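Okay, got some structures for you below.
Both complexes below contain chain A, partnered by chain B and then by chain C.
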Partner chain A sequence: MQERTYDVAVIGGGAAGMAAAVEVRRQGLSCAIVERENQLGGILMQCIHNGFGVQEFKQELSGPEFAEEFMDLVADANTDVFLSTTVDSIEESEHGKELFCSPGTRPAGVFTAGLAQRLVNVEGYIPGKNVVIVGSGDIGLIMARRMTWVGAKVHGVVEIQPYPAGLTRNIVQCLNDFKIPLYLSHVVSRIDGQNRVEKVTVSPLVNGIPDEEQSFEIPCDTLLLSVGLVPENELSENAGVDISPITSGAVVDSTMMTSIPGIFSCGNVLHVHDLADYAAEEARRTGAYAVAWIQNKKPNRQVRIKAGANVRYVSPGMINPESPDKMYLRTLIVKNNAQLVMKVNNTIVKEKKLSHVQPSEMVSVKLTPKDVENWTLEPDSILEVSVQ
Partner chain B sequence: MSAAETKEMICISCPIGCRMTVYEENGSIVVKGNKCGRGKVYGEEEYLAPKRMVTCTVATDSEEFPRLPVRTTASIPKETIDELLQELYSMKITLPVKRGSSLIENYHDTGVDIIATMTLPGRA
Partner chain C sequence: MQSKSNAVGDRTKVDIAIIGAGISGACIARQLSAYEAEVALIEKEADVSFGVSKANSGIIHGGFHHSPKYLKTQLEIRGNLMYDRLQRELDFPFSRCGILVVALNDEEMKYIGHLYNQGVENGAIGIEMCSRERMFELEPKLESDCVGGLHAPGGGVIEPYRFVFSVVESAVKNGVHLLREFEVVKAERSGEKHIVHAADGRVVEARYVVNAAGLFADKISSIFGAEEFQITPRKGEYYLLDRKTKACPNRVLFPVPTKVSKGMLVIPTVEGTVLIGPTAEEIEDKTDLSTNADKLSQILDQARKMVPSVSQTDVIAAFSGLRPALLPEGDFYIDISEKAPNFIQVAGIQSPGLTAAPAIGEYVKDLLKKAGCRLTEKPDYDPIVKKLPRIRDYSPFEADELLKKDAAYGNLICRCEKISEAEIVAAIHAGHTTLDGVKYFTRAQMGRCQGGFCSYKIIKLIMRETGMEYDQITKNGRESVVLTGRL
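This part shows the complex of A and B:
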């Protein structure tokens, strides 16, 4: 067993992990990335579609290209990288936190759109010829186009909500371009088949209940599930980190620190991001906060952020009024010309126009020092963020 | 084409997805609702002759890395996509390959190249 000591250990070498590590190194502290796969890049390596890097690199790249740009930064920053190494647990010791790692990868799981993406793009195996997709998450939409382009027939995308779960651009270029029907407010109510899927039954929701009379069947041999990503947090949970029931990620303060001092969270393990660019941006700030914590720079005051009307969650969960920073939120509603309203003690402190909001599109808001200079803070003040 | 046709569209130049209205007026194309210059270009093209980026994979001679991801350097006319895909699927690439290297240069005189989007090593 080897033992190494670093100021900061980054678990996971995807977009967020690499961005966080590069920032820590830029500020002169030692840092290592522990990655369970045999290469850096995480999920980006199977996301061969374009749309990455517009914010970070001012050009439109595919996932692997975005990852390689960051790999170069990681190499330039002289960051130690441990590949094919899985962190089993995080434990407290007299020397600080200890990661217990074991070499090897994890076994494959269930058949999801993400797994199909890996089979087609990385392993070169086409999982079926006649496809129905359950859920309209981005990976499902991207896979609708990908399956069409490898010669399969995609018969439809079935979404339980009355609005799509994925980005609008993906509805346009992955479904509309190929005339793939999107069944909103519909569910797959039945799957039939002997050794292989033979057909599914699709039912419209009427008053929230699948309507049997209006149901129809679609013959198919493959069903891809694209019902949203869930942050992977066994490790943080076992370490005792408080997890939000809404995001399924850690609860973090204004410095992206979890309920356990010295453990920080960012990227898709904190909350699922629309774009790798946003995850990298958030991770860079997190790296800087980890460095500040090590240097004993802690916020004097933090104000809790509350998700108000029509807001599903705001991340992080606190703001430092002396050094306000960016926050991400998701709405519960679909609306054009919406208004973001921030209140402290029921007094409006900031408003922002949002031309269009929908739950699948993350909203980012950055508070400036000017925004907070007139706040009157009581000991129990809360910043409430709502959309109307 | 009738001059009065107005198309509602969603820009796909980036993931923001601006909702735009595009129509013809006095012989020129008017784009409204775009937040940046790329939206104007996309709106005009989508109105007259739609183009798309293509991303896919091609076979390699490696067992460890059987597929090489590739993309077009710019969007290409929609009607040429199927032919390009067939051409790419019939290729077999010998590794190693460096990211950015061209598999096809100036595809059908469009000025668009097809490039590798991942660096893959050769046999060790």
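This part shows the complex of A and C:
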């Protein structure tokens, strides 16, 4: 056990962790990254598909390439990195779990999509030959394509919701291009197999209940689960940080600071992001806010942000009217030609057209100083964000 | 534990063969390992405890549920008292947290009186009738309708599979031969001996045979030409709640029992998670371990009747287990066979089998003596199993010493349950070379990600430590292969 002192300790060396650390170093403070795996990059290292870096580096990169860009920046910034080091207590961290419970037996052959991705892309093993994917999250969609490429047959993706959980571009590129069926409003109602998975029963939802008569069986040896990620927040919780029941991430103010002063949260541990680029962007701002906090630059006034009609959550949960910043939100509805409406004291302060919204696509909004110029703020004013 | 040797024609000659390495067989084997006798413990699965013993409530019962007329009641009382010493010797997770039976109306409270009297008659130590106020003092999370109940401070919880592993480890250390993947298909007499054949051609010769085959005790009895009886599998489904749940009680909570079962419980497991269940459903198929959606809501409803804060969002796993019931009486059948020579029946060991198991070990030892088996005490019997360090019990400051001895304690493999590489390697070296074997030995893969983040690391460790190929790695033996190809 050694003791080291840094201005900022970043827990987790994925996209967000590295971006935050680089920003802290850029502003001249000392910083260390603590990473539990034996290399930086986090989950990016198993995401060998393209689509990373369009925002951050203005070019389309694979996950490991995107991570390498950040690793170079971390090295250039002279940041201390502790690998294979797990933080036991205090402060913030990274990534997710997938939750799934289905009736039937518990044979071998059931994997999370993330585990299958690791097995194929990093370890070089094929987890199965005949695959059904439960949930249409992005990792599941990407693995549908990946498993097809390694010679497996993907028999279908089963999604409980009437709309896909993943990005539209992944539906097109990973399912449609390979003629893999997507069963919307369907559930895997049963898994069977004595030793290894032998078949699953798929049932359409009729009035929200699995319909037995229209159920059908798919023989398969493998089930991949892609039913959404939940931030892993053991550390934050143990430190006593307030957790939002909606995002399962920390509640943060306009400076990305949690309910415990000096602990900041960003990336997928705060809320699950669509793209690593967004996580990195958010983390860079968080690094800057942490520096500002150390330098005792704190906001004079913060206004609470409320998720209004058709909005699941807005992150962060507060805005500093003197220096408004970017916020991310997720909708509860699927809609074309939607309208984002922001109100303070029931007065519309900003509106924005959104050509298409769906829960799986994060919406980002940036307020400018001009936007907030004419706000009349009462002591109890709230900024309400809704989508119509 | 010794490594596998599955060669056709392998012949093991022993004085006593125990068929079935579940909780009963394990305790009998350990008991006998204290005596000068060659003992074989035979298991058809890839690891010990993979049958009935791996999926049950894990309760050390309080001695009040059954009438004193039953053998199981006497063994329950005796077995319960043996656990403290066993824990000191074998170092398995065990907590004497106590048991509460919750009465929700006056009718149920009357039945509590009956349970109390039964417990007193059985000799259960420390049981008390509780007022409503006393119940809430003991368990603040109770449903507000609770009118009173029963408190049995001698009850507790263990991890059943972990207990079996420790007991078998101790038995093997004292000379018991453990034969895994040995499915008994045929038996014959040759002079004074039983010749026991496995499906793969291996043979065990034994003067005495103990039938502790759990669900298949009826089949084994018939193979040996002993008594005809039928074991009925009674399925119990369980749901496991994350340790973050707000519904974790201080003690095991029982409802007032019904005629067929002790009802559905809320169990604070010894490792901090919460188990709810089980259902009780008589079925036909002894391999049917499926779970069913309608049972989940049933279990949740029942659990919420006692602890309203039980939430479906806390569920991290579902599983089911089968109780080997000998109907209609449901008592244990432990006796010297009247039909087959030198054959001891240990059948129908359903609840409270886990509690009774150490006492079953003693009881069977006495039956063997009665049947003419000579048992003299072994001077070098060593009841102690060395305690394995667990990194989760150490603070970062304390861990330094441990890491100096073995740096692998610093490499966390299972992040949910905080299990290090060193602990997983110890499991593999102890002979647990399947994913489930490692899981039950160490708890790795048992947390909320259910192996999503660590199982590939465990697969690599098993390959590294045993030299097995990727396609030999199974979840729990047989055809349960995990990886089907390589790039």
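Going forward, the second predicted complex is superposed on the first by the 368 of 388 C-alpha atoms of A that agree within 3 Å, B and C clash if a C-alpha of one lies under 4 Å from a C-alpha of the other, contacts with A are read in each partner's own complex, and residues count from 1 in each chain.
To be clear about the criterion, a contact is a pair of C-beta atoms (placed from the backbone, for glycine too) under 8 Å apart; a residue touches a chain by one contact, two chains touch by 3 or more.
All values derive from a computational prediction rather than experimental measurement.
Peer 1: By residue count, is chain A touched more by chain B or by chain C?
Peer 2: C
Peer 1: Is A:239 contacted by the first partner chain B, the second partner chain C, both or neither?
Peer 2: A:239 sits against neither chain B nor chain C.
Peer 1: Examine A:221 and indicate which partner it touches, taking first as chain B and second as chain C; both and neither are also allowed.
Peer 2: After superposing on A, A:221 lies in contact with chain C but is clear of chain B.
Peer 1: Check whether A:119 is in contact with chain B, with chain C, with both or with neither, and answer first, second, both or neither.
Peer 2: After superposing on A, A:119 lies in contact with chain C but is clear of chain B.
Peer 1: After lining up the shared chain so the two structures overlap, which partner does A:62 touch, if you call chain B first and chain C second: first, second, both or neither?
Peer 2: Only chain B; A:62 stays clear of chain C.
Peer 1: With both complexes superposed on chain A, which partner does A:275 reach: first (chain B), second (chain C), both or neither?
Peer 2: first
Peer 1: Have a look at where A:363 lands relative to chain B and chain C in the superposition and call it first, second, both or neither.
Peer 2: neither
Peer 1: Just which bits of chain A does chain B share with chain C as contact spots?
Peer 2: Touching chain B and chain C on chain A: residues 120, 123-124, 150.
Peer 1: Given the complex with chain A, which residues does chain C contribute to the contact?
Peer 2: 239, 244, 287-293, 296, 315-319, 395-397, 399-400, 410-412, 415, 435, 448-449, 451-453, 455-456, 460, 470, 474-476, 478-487
Peer 1: Can you list the residues on chain A that touch chain C in the complex?
Peer 2: 1, 36, 84, 86, 88, 97-99, 101, 103-109, 111-112, 114-115, 118-120, 123-129, 150-151, 189-190, 192, 194-196, 221-222, 232, 237
Peer 1: Which residues of chain A touch chain B in their complex?
Peer 2: Residues in contact with chain B: 45, 48-51, 54, 60-62, 64-65, 68, 120-124, 146, 149-150, 167-169, 171-173, 177, 274-275, 356, 361.
Peer 1: Across the complex, what residues on chain B touch chain A?
Peer 2: 9-15, 17, 19, 52-57, 59, 66-67, 69, 71, 78, 81, 85, 89, 99, 117-119
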